[in-house]
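Structure below; questions to follow.
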Amino acid sequence: MKFNTVIMGGGLSGLTCGIALAKAGQKVAVVATGQSSLHFGSGSLDLLGYDAQGAVVTNPVEAIKALPESHPYNKVGDVAAAAAQAQTLLAEAGIKVNGRATANHNRLTPIGAVKPAWLTLDEYLTFDGDKLQCKKVALMNIIGYLDFPTKFIAEGLRKMDVEVEVKPITLHELNEARKSPTEMRATNIAKVLGNEELVMHLAAEINSKAGDADMVLLPAVLGIKNDALAQLLKEQVRVPMHFVATIPPSVPGTRMQALLRKRFEALGGTFLNGDRAVKGTFAGSMLKSIETEKLEGTKLEAENFVLATGSFMGRGLVSDYEKVYEPVLGLDVDYIADRTQWTRDNVFEAQPYMEFGVKTDAQLHTVKDGKVLANVYAVGQVLSGNNKVKLASGEGVDMLTAITVANNIIKK
Amino acid sequence: MDPNIKEYDVIVIGGGITGAGTARDCAMRGLKVLLLERFDYSYGATGRNHGLLHSGARYAVTDKESATECIQENMTLRKVARHCVEETDGLFITLPEDDLDYQKTFVEACQAAGIRADIIDPAEAKRLEPSVNPSLIGAVRIPDASIDPFRLTMANVYDAQLHGAEALTYHEVTDLIINQNRVEGVRALDHHTGINKEFRAKVTINACGIWGTLIAQKAGVTVNMFPARGALLIFGHRVNNMVINRCRKPANADILVPDDTVCVIGTTSDRVPMETVDDMRVTPQEVEVLLREGEKLAPALATTRILRAYAGVRPLVAADNDPSGRSISRGIVCLDHETRDGLAGFITITGGKMMTYRLMAEDATNLACKKLNVDKQCETATTPLPGSEAPEQLSKKTVAVMAAEGRHGTLTKAIAETTDVVDDALVCECEHVSVSEVNYAMDNLHVKNLVTLRRRTRVGMGTCQGELCATRAASAMCRKQEQAADVKADLASFINERWKGVQPVGWGDNMAEAQLTATIYEGLCGLNQYAGKEDLK
Amino acid sequence: MADQMQLNNISENNFEQCLKCSICTVYCPVSAVNPAYPGPKQSGPDGERYRLKDPKFFNEALKMCLNCKRCEVACPSGVNVGDIIQKARMNNPHKPKLRDMMLANTDFVGSMATMVAPITNFALGLGVSKAVLHSVMKIDKHRTFPAYASQKFETWFKKNAAADQDKYSKHVSYFHGCYVNYNFPQLGKDLVKIMNACGYGVHLLDKEKCCGTALIANGMYDQAKRQGETNMESMRSAIAKGRTVVTTSSTCTFTMRDEYTHLLEVDNHDVRDHLTLATRFLFQLLDDGKIKLAFRDDYKKRVAYHTACHMERMGWAIYSTSLLKMIPGLDLVMLESQCCGISGTYGFKRENYETSQKIGDSLFNAIAEADVEAVTTDCETCKWQIEMSTGTPVLNPISIIADALDVEKTIELNKNR
């Protein structure tokens, strides 16, 4: 099978790259090994939340300039332009987000902490500084849903000087669902609440419990396929209503994944779901084709290849007793050889392993055995030099490097 | 005397299994007892061993007295601590590099000590325990079993309380009150409130394991102890269902024990300076030794995920006439400081093994009773611990209830009898811990924070090491809104405590899992904003 | 060995690679509609640790697993979640009910039924028999049994096609499966038509038994294993003649390629690479330039492709859809890949009917919205479910290709290849 570009990895970075290329008229295939890290998402996307010293960033575009040279943002070029392109790409995929690359806003986390964010889904709670646009919040949770610790969230809200009342809510259908001791998860609740009729019932339940609150907050348990039901609920609730992220699996993340894939396929892209690139055939510094686990005997040939396989948790990087390696193509990896130096004693210190990743040149070409590969690029978390947790930079690195590589490929 | 200072017959210092057992025995004999623990029950060596109910076979050749003690206690604990014991049986295997002649010596020694030891065909051994190294050339079946030290300790504390004892955790003894060569009580720092308290008693029992040497110092007497550190590895699931030992002289990493949902290989054995006994981190060298030797028992260990590593310190005691420490006893040491040092009202109980705790408690209690002129027989060998009574049929038979039954025995009744399905929901999915079980532990088992909740219920002890369940558990623990900030700090501390055991084995799936945990707790939740509280103990 | 220690952390079915990320639970079609099913994570890796400790932790609710394997497709860590669940079921077998034996023994029941096809079809359609099946046999009364053909495919083949096959220079063997043989011989005829046009002779296997999918689902593992061994034996002798074995059912293919080794311990290592779905075989020949296809100018149809669960698991939908996309007159709509709910014999059972239909709901709506003349899928049980639930006819991609094929031109194109 012949393509212009084959992308290994079907998460945010792989699909962003795929959409950008397909939109430019390329024939693109994405090989996706299982579902992606979007499923642990918050409903917000980060560009740069903290600088290298850990201070909160207000203007990511500016702060990015001060990142160390090894950070992948330094290979993006015009960060503001790439960020704008990313935002357009999301909008065209049906992912309605608010935010600006030059000014972070805040989001409320599932345990009631406040974190900076770049873009946030339209129905989700955001605020500037520590000021919520309300006096009294009705913090609602579905009875039996354990992944939304209301007391923790209430504590966070109260720190912002708002009055909070916690209100348990339920519906007959949700009472049925919670008979399962384990499967009362955000995503399953969203499936149970998957039709307009139930959303109307839910709205009535919320309205009856909202009391004199001037804002309703709800766990992110609605709108797993698109935002239609979530918007409907918002319209039906009599006071402003917003969603707050839950412990995974994430409904907004699952939605983003589905919408991005849909957009990619609508642009003519080929999405090989649940498959895995296993090896490549090289000719000099060029990768000719890759083979996958499932499509034995079929070579995926392309002019360009993009590695978007993620870090350790995405299995784009693998470590063992002795080393860290890139399992598909055996690309060169930046890491510390001494295993005792991979980690630090305190889990909340910056962990060195978080920055391990494949080596790339200024155009994000990968390197194998010390030689730059002319047609193999890397994007997203598989790149070295980015501690996405400390910098709050995950989605930004995913999308901006993906867009950069797509642009580099199109320019060729 | 200050009327606010409480007066007891006996103060037991140390909430390990020895202290808990001693408190129970004293209370059962009608004494007024106070148990003081500086952190949590089973924080020290009690919670840092194999969880092996020795048959005694391991000591049969070298130390017949210990072996006899073991087999007797083994049979006793199977009855009185039924719900803490799993009757797995064990194998002593001979590998090609071992001397098969040793097997004969071993079996004879076992028989002499009263331990049933049956030589079985290697093929039969492989059938009984398919994970065993298939190249074995000999096998002996012996009545080893596994025992859960957390449950065992808690059941003893619980029963002591049922018999009127008081028990306080996070109370660290700062000094002993000595008046005219008599210990009259202790002063202790309450770690939660920061308040120093005074407690008085006619007899004070030092049951602090290796830390007993420090308590003795405070009393101005010397107990010569030699800290022997042992490291162990926990694997993600049960590879074996029988205990597997090497049939040779005891050495490194030659015991593999199935403990609940996991299995544990150990141990190393290194003399360490007393100053290091609070440093429980496992070194890469220890990990390497354990793996290299462990896979000889069960080759599957080489490809099984290691969940975490931990270490404990054995309280080895030197004989009084040998300050060099060459003549070390593994037996029980019960010191009457009145006859030994001229210090009245003070007893040290140490040495021994986790599984001989009941005998140790009996010795110490006998001595205390003698001092207090109480004439009552020990009944701990025949009275079942709470949870180990004859089982009743439970109203529910869900997996969570069955799992809880493994942890709480007959006391599970209180967990099973819930009416609201919300209480049946699982907090910890790896270890099947329900909301109801968490509530039960909170109400009955001295749960102060997430680490103590883990020791009572196995929350966070499964493969995800708290990644998925810790927030749920913390949320369930947070009963009042005012506690929220503190509980979040606890949660941060708990994630760190779990990391400490994972870090020495932080490669492969553990690294992937650690990254996911960081992504959820720091990336998604911002839990790092609440970190900084000192480690939970 | 010590030098290699811990380089590969792999347990059986990779269950310790599970990071507890819970992504599998998002894609389980059952737990969302039936709270009695504990979901793939709890039934799979979580439950397995406890079952290793004590088999009493086996939970009867595991039987509600459809074995659709969508959890495995979703898993980012390569855990064979579905296999763990199926293995646990195998370790806790129950004596199958008469109903299950009847549903599972597709070839025996099929042979009996085809002999008296009109009577069977009449009887199975009759209200009274449906009521009997519903109440006595616990087969849901809403189900339409697939009609039995009056002539088995094998009989047709031997009478009408077998003699011609040797004249071709290249050859394949065809594992037709029970469905083609008893219910829908036309699909087999369609395959013969295409292969012959491409210059390939088609041959039956020396001996073909039901692949065993239904037997596995109904707990009849020993019989499944025996049949699997027979099939592998027959395929080996075909392969020895240089023939690839092609099929027209994704489920049969998946079972024989993957479940045989993962679950039944039937050795297929020498067969697996030579056993393939006909659409994949054709695509690869086309991709390598070894054959060419020509299509009728007057063919016109709007069709929606449904990715069957086991097709999704195999990752092969790309082959069928790539082939279909070559047909100029075909307007192909891609349906979002999701379970239709039937899962072989699962949906036939009265106790599962409601769950089965709830699972399929979203797919049925998507089909209604797609506004197509037909649905196409590689799985025959999906066909039953979709036809019954939506009224839209369902065709195998091979039948569409056969219908659209310009036979004369195709023969011409492949003549001297």
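Chains here go by letter, A, B and C, matching the order in which they are written, and residues are numbered from 1 within each.
One rule holds for everything that comes next: a contact is a pair of C-beta atoms (placed from the backbone, for glycine too) under 8 Å apart; a residue touches a chain by one contact, two chains touch by 3 or more.
Values in this document were obtained by computation on a predicted structure and should not be read as measured data.
Asks: Specify the chain pair with the maximum number of C-beta contact pairs.
Replies: After counting contacts between each pair of chains, the winner is A-B.
Asks: Select the chain whose centre, defined as the mean of its C-alpha atoms, is least distant from the mean of all protein C-alpha atoms.
Replies: Checking distances from each chain centre to the full centroid gives A.
Asks: Would you kindly tell me how far, in whole Å, the mean C-alpha position of subunit B lies from that of subunit A?
Replies: 42
Asks: Find the geometric centre of each of subunit A and subunit C from their Cα atoms only, then give the gap between the two centres in Å, rounded to an integer.
Replies: The separation of the two C-alpha centroids amounts to 35 Å.
Asks: On a C-alpha centroid basis, what's the spacing between subunit B and subunit C, in Å?
Replies: It comes to 53 Å between the two C-alpha centres.
Asks: For subunit A, write out the residues touching at least two other chains, lowest number first.
Replies: 40, 178-179, 181-182, 248, 313, 315, 320-321, in rising order.
Asks: Two-or-more-chain contact residues of subunit B, please, as numbers and ranges.
Replies: 426, 429, 468, 507-508, 512-513, 516
Asks: For subunit C, give me the residues that contact two or more of the other chains.
Replies: 5-6, 8-9, 19, 21-22, 41-42, 77
Asks: Within their complex, state which residues of subunit B touch subunit A.
Replies: Contacts found on subunit B: 281, 284, 398, 400, 421-422, 424-427, 429, 434-435, 468, 471-472, 474-476, 478, 481, 483-485, 487-488, 491-492, 495-496, 499-500, 503, 506-508, 511-520, 522-531.
Asks: Using the touch rule from the top, collect the residues of subunit A that touch subunit B in their complex.
Replies: Interface residues on the subunit A side: 37, 40-42, 109-115, 143-144, 146-147, 149, 151-152, 154-155, 178-179, 181-182, 184, 245, 247-248, 311-313, 315, 318-321, 339-340, 342-343, 345-348, 351, 353-354, 388-390, 392, 394.
Asks: Touching residues of subunit A toward subunit C in the complex: what are they?
Replies: That would be residues 1, 33-36, 39-40, 176-183, 185, 187-188, 191-192, 194, 248-249, 254, 262, 265, 270, 272-276, 292-298, 313-315, 320-322 of subunit A.
Asks: Subunit B touches which residues of subunit C in the complex?
Replies: Subunit C reaches subunit B through residues 1-2, 4-6, 8-11, 15-22, 41-42, 45-50, 52-53, 56-57, 59, 77.
Asks: For the complex, give me every residue of subunit B touching subunit C.
Replies: Residues of subunit B touching subunit C: 236-238, 258, 260-261, 291-292, 295, 299, 302-306, 399, 402-403, 426, 429-430, 432, 462-464, 467-468, 507-509, 512-513, 516.
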